[in-house]
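For reference, chains read A, B, C, D and E in written order, and residue numbers begin at 1 within each chain.
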Amino acid sequence: MQSLGDAFSMLGALDHDVMAIAWLSLRVSLSAVLLGSLVAIPLGALLAIVTFPGRPLVVAVVNAFMGLPPVLVGLIVYLLLSRSGPLGALGLLFSPGAMIVAQTVLAIPLLAALTRQIVEDAHRELDEQLRSLRLDVWQRIRVLVFHLRFSLVVAVLAAFGRAISEVGAVLVVGGNIDGYTRTMTTAISLETQKGDLPLAIALGILLIAIVLVVNGTASAMRAYTMRLYP
Amino acid sequence: MQSLGDAFSMLGALDHDVMAIAWLSLRVSLSAVLLGSLVAIPLGALLAIVTFPGRPLVVAVVNAFMGLPPVLVGLIVYLLLSRSGPLGALGLLFSPGAMIVAQTVLAIPLLAALTRQIVEDAHRELDEQLRSLRLDVWQRIRVLVFHLRFSLVVAVLAAFGRAISEVGAVLVVGGNIDGYTRTMTTAISLETQKGDLPLAIALGILLIAIVLVVNGTASAMRAYTMRLYP
Amino acid sequence: SSITVASTTSTEQSGLFGHLLPRFTGRTGIEVRVVALGTGQALDVGRRGDADVVFVHDRAAEEKFVAEGHGVNRVEVMYNDFVIAGPKSDPAKAAGSDILQALQRIAATEQPFISRGDRSGTHAAELRYWQAAGIDIADAGGDWYREIGQGMGPALNMASASNAYVLSDRGTWLSFKNRGELAILVEGDRRLFNQYGVMLVNPEKHPDVQATEGQAFIDWLVSDEGQQAIGDYRIDGQQLFFPNAGATQISQ
Amino acid sequence: MTAGLQIVLRGLCFRPNGRTVLAGLDATITSPGITAIIGPNGAGKSVTLRMIDGLLQPDSGTVRFGPRPPESIRRSFVFQRPGLIRASVARNIALALLPLRLPRAEAERRVATALARVGLADRADDSAQKLSGGEQQRLALARVWVTDPELLLLDEPTASLDPGATEAIECLVHSMAKAGTKIVLVSHNIGQVARLARDVLVLCQGRVVEHGATGQILTMPRTPEARAFLKAEMPWQCFAAAS
Amino acid sequence: MTAGLQIVLRGLCFRPNGRTVLAGLDATITSPGITAIIGPNGAGKSVTLRMIDGLLQPDSGTVRFGPRPPESIRRSFVFQRPGLIRASVARNIALALLPLRLPRAEAERRVATALARVGLADRADDSAQKLSGGEQQRLALARVWVTDPELLLLDEPTASLDPGATEAIECLVHSMAKAGTKIVLVSHNIGQVARLARDVLVLCQGRVVEHGATGQILTMPRTPEARAFLKAEMPWQCFAAAS
């Protein structure tokens, strides 16, 4: 593709706008993953260590929710945040806040399901030890999450990947408003619809570059702290 | 929402079409995950057990590719399969085959990154044992994947969730052609654009129900075979 | 202060809002946030009170919207026109200025035709033209007629990738970059005119609606300054939209 | 107070997947000090200790502590394979103090004391998972001592310790027992059992085949199983017969 | 042929994260039969075995096998903690046969023989991870024997075995050594070392402090470290000094 070069120079020219859009994408998805982690990691760990009659069913449901279609999540969040919906008074619809809410909902099942598996695997070895130390459930969760801090990074990164790459939910609840809720993915979609495929691909590559920087940073931090406890 | 009931009865009336769409979604995503697993699980396991100078970088790149935007993947596959593209001769564009290709590309990084982490965690315990038995790399991979067969199910389910819920890639390469490449997610998108939110949500709930059945089946099979090796 | 306008993808993608809004905001200080959606979805957003102003192009649906009390005071702002784009080689020999004849030829030769199939204003117009041409599209059979259920851009993308005919609004066509072998084959038929209307979401139903600011936007659009700005917008020297506020209704 | 701690096991059965591991095990442990459990591999010693601790529920039968409710007894367990988290040695020991919610300084003081006691003081900040086999077992011992238990369950605590460490640990266990801690010790080291235990249970195939004073059991076992085990003959016959 | 297997360790150093584990370890093992390595916890015995096997690369120094290239020597290793996969006992043993690419029937025959040898024949289809501590160690022993190694490295192979199993394993190890397998045995059981080993290396703080015939070392050690270790005194002094 000869015009990809042009597209990149176009990106360069648009730099102010493009940077703002990239920064919004990053801000929204990082917030969603942070919020999601606070909820889903303890929850996933809890599900890994408790036993109760319906447990396999709950596990299957959490796993299944990894397949929540972003558009559906978008629609449901939309109906909740709509002025005529139950949370309409918050005035969040078509704002970055709404996008954070929608992406948090998408991130939670992925984080919870992956955390559950990773904790469950380690728990098989540590269960009796931790119970014999008379740790209560929350203490055991804290210890297991700490024990697995390096492994859980991958769950967080998977959730971040899902959040920053999805377009269905942010489009519905954010509205792709120029200069306000336009993210990298909605911009890519828009350029694709305009038939400007080189620009769309250039934006896509920029997005992947941003994701690479985030992942590279996470990897480096992980490697640095892991050094001590191989 | 009072009209959701209507929407479901509409689904019931449309049952033939809706069933065909649901079956296409399922067929495409299961094929993509199967193909993706054949490539990505051995690859992820390989990455978990080998050491080489650029390894942390490769890990970061694989992790980052979990955040490949579906639309970008769609566009690239589109350009490859387009009549004027390098693989145009296959005539795959705007066909279910093209959708399988695009979803496979999306599934691979997620499968590989999660497999890498899960294998890496188990490998720490088993590495010396397996090397001392003089197993070669591929034998070690086979043994580790077998050892972790119950844990890797979650990676496969995550990839399935990603594939069946995404809309950006199938839309671009499949084209949402009625009766041919219309999937559940593109149908949901369409109904949303038409402003028929109840029908869109009903379709979304049907999709989630299908995903639940798949996950429930996987869970039950896993639980049944795991019983012997707790 | 800021208002939210629900509009169509074609208007947004043509770049018209990028041209108009800075002028409006410069004059009034009101910031406008445009949510570009399918016409059906745009009206639905208005119906729920999530936008202050709706700016779309499907007269029948707009009038229903007002009649049901969701909107007040529909005013006509501008029109543009539809064109049929198709492969330069024109295997159906559809080129000309008669839309009905063109469709009949496409159907007769069963050349591939891409329909948006998304119940948008453009899709509604297309269905009207088929009906007027005496072709029952539901019965057409064969796989030459493809409903893709997507917006204008994707329909053009697919037509360009598969050398098919497609009905497009001129604005989207002019700003569309991936034309491939496509060219305009049919244009100029008065029946192809496409009227845009704007209306305020009913503040009595939805107290959160910014009625004053929304009305200011509508007033500006139909003011001389707004109409002038619409008429000034061009791509490659071609005018995309023709202001006609206050003019008598354009026959369809 | 703890001198009177009773452990009463009644009809303990455990049959995972249809295999009989415990086949109605009965025992009443009333003596203070150290009670040893010996028996061949797979006899059910570790399973029995787990049931005393409450980590494992029997399929039938009961574990009682005389009149006292099980929750009221501060128990600690040293496993055959200590469970270690991916953290420093000190942090692994501090785990045991979490339930006490001590002030940080007090917790650190206790950890340091325990580490010194097992000769790991200079390893406090090293990765626990990189300790040698014997060092890990010392860590596990330090971990239970910080909590000052009333009942201590030891599953082969000196199996991978060097002779010096074994002797030191035996000293420590002995002094804890003298200070009033009830100790149940599983060991394959008959010499160790002779040195430490006041009474001995001999387990074979999920049953107590003999229970009595150490001297008597080790020198003149009454049952043929106990005799065979102590002459180091039984297990292979046992397994040969089973196969 | 194997009677002449030489193991020559020259200046082995290992300093992970700045800690000195091996401090220039030198040893030449030429005797046939069983060589024991003894020493306090953390002396570097397991690390040395790993280096002989090639699982760990020294930071400096070399491991040689006389004139023979290391790849040509069939080695097997029994770890302090056996690595088990989530599968049946039989399948865990079959792992060791994968590199030989035997026909299935032959592999199954060998697995069955090995299981019978360690008294686990009736456990072939049980989950390996649910075996008792001692049973897991038997499994690990069965696993190395199926491959008929030329050099066998044993890291405390009987630490959690009952006295009968210990005796049986000792017999088996002894007969393998007589049949020509070179065996390097790490053990804290001085009695076992006396019964089995022809020569003994005493390790302390990453160095060989003494190397000689078993009888001589165990009864009249020449160096103060070896003397202290054998009197079961050293380690605690060692650690106390270090702390």
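One rule holds for everything that comes next: a contact is a pair of C-beta atoms (placed from the backbone, for glycine too) under 8 Å apart; a residue touches a chain by one contact, two chains touch by 3 or more.
Please read all numbers here as calculations on a predicted model, not as lab measurements.
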Over half of the interface residue numbers used by both chain A and chain B, so same, or under half, so different?
-> same
In terms of CA centroid distance, which chain is the most far removed from chain E?
-> C
Counting contact pairs per chain pair, which pair wins?
-> A-B
Rounded to the nearest Å, the gap separating the Cα centres of chain A and chain C is 35
Length of the line joining the C-alpha centres of chain A and chain D, rounded to whole Å | 46
Once you find the CA centre of chain A and the CA centre of chain B, what distance in Å lies between them?
-> 17
List, in ascending order, every residue of chain D touching at least 2 other chains.
-> 17, 130
Multi-chain contacts in chain B: which residues touch at least two other chains?
-> 78, 172, 189, 192, 197, 228
Return the residues of chain C touching two or more other chains; collapse runs of consecutive numbers into ranges.
-> 37, 151, 154, 157
In their complex, what parts of chain E are in touch with chain B?
-> 50, 53, 55, 75-77, 79, 82-83, 85-88, 95-96, 98-99, 127, 129-130, 143, 147
Chain C partner, complex, touching residues on chain B are 78, 82-84, 93-94, 171-172, 175-178, 180, 182, 186-187, 189-190, 192-197
Sort out for me which residues of chain D touch chain E in the complex.
-> 16-17, 19, 39-42, 45-46, 80-81, 115-116, 119-122, 126, 130-135, 138, 155-156, 159-168, 188, 190, 229-230, 232-236, 238-240, 242-243
List of chain B residues in touch with chain A within their complex | 1, 56-57, 59-61, 63-72, 75-76, 78-79, 109-110, 113-114, 116-118, 120-122, 124, 151, 154, 157-158, 160-162, 164-168, 172, 184-185, 188-189, 192, 197, 200-201, 204-205, 207-208, 211-212, 214-216, 218-220, 223
Taking the complex as given, what residues does chain C use to touch chain A?
-> 4, 9, 12-13, 17-18, 33-37, 48-50, 151-154, 156-157, 160, 172, 175-179, 206, 208
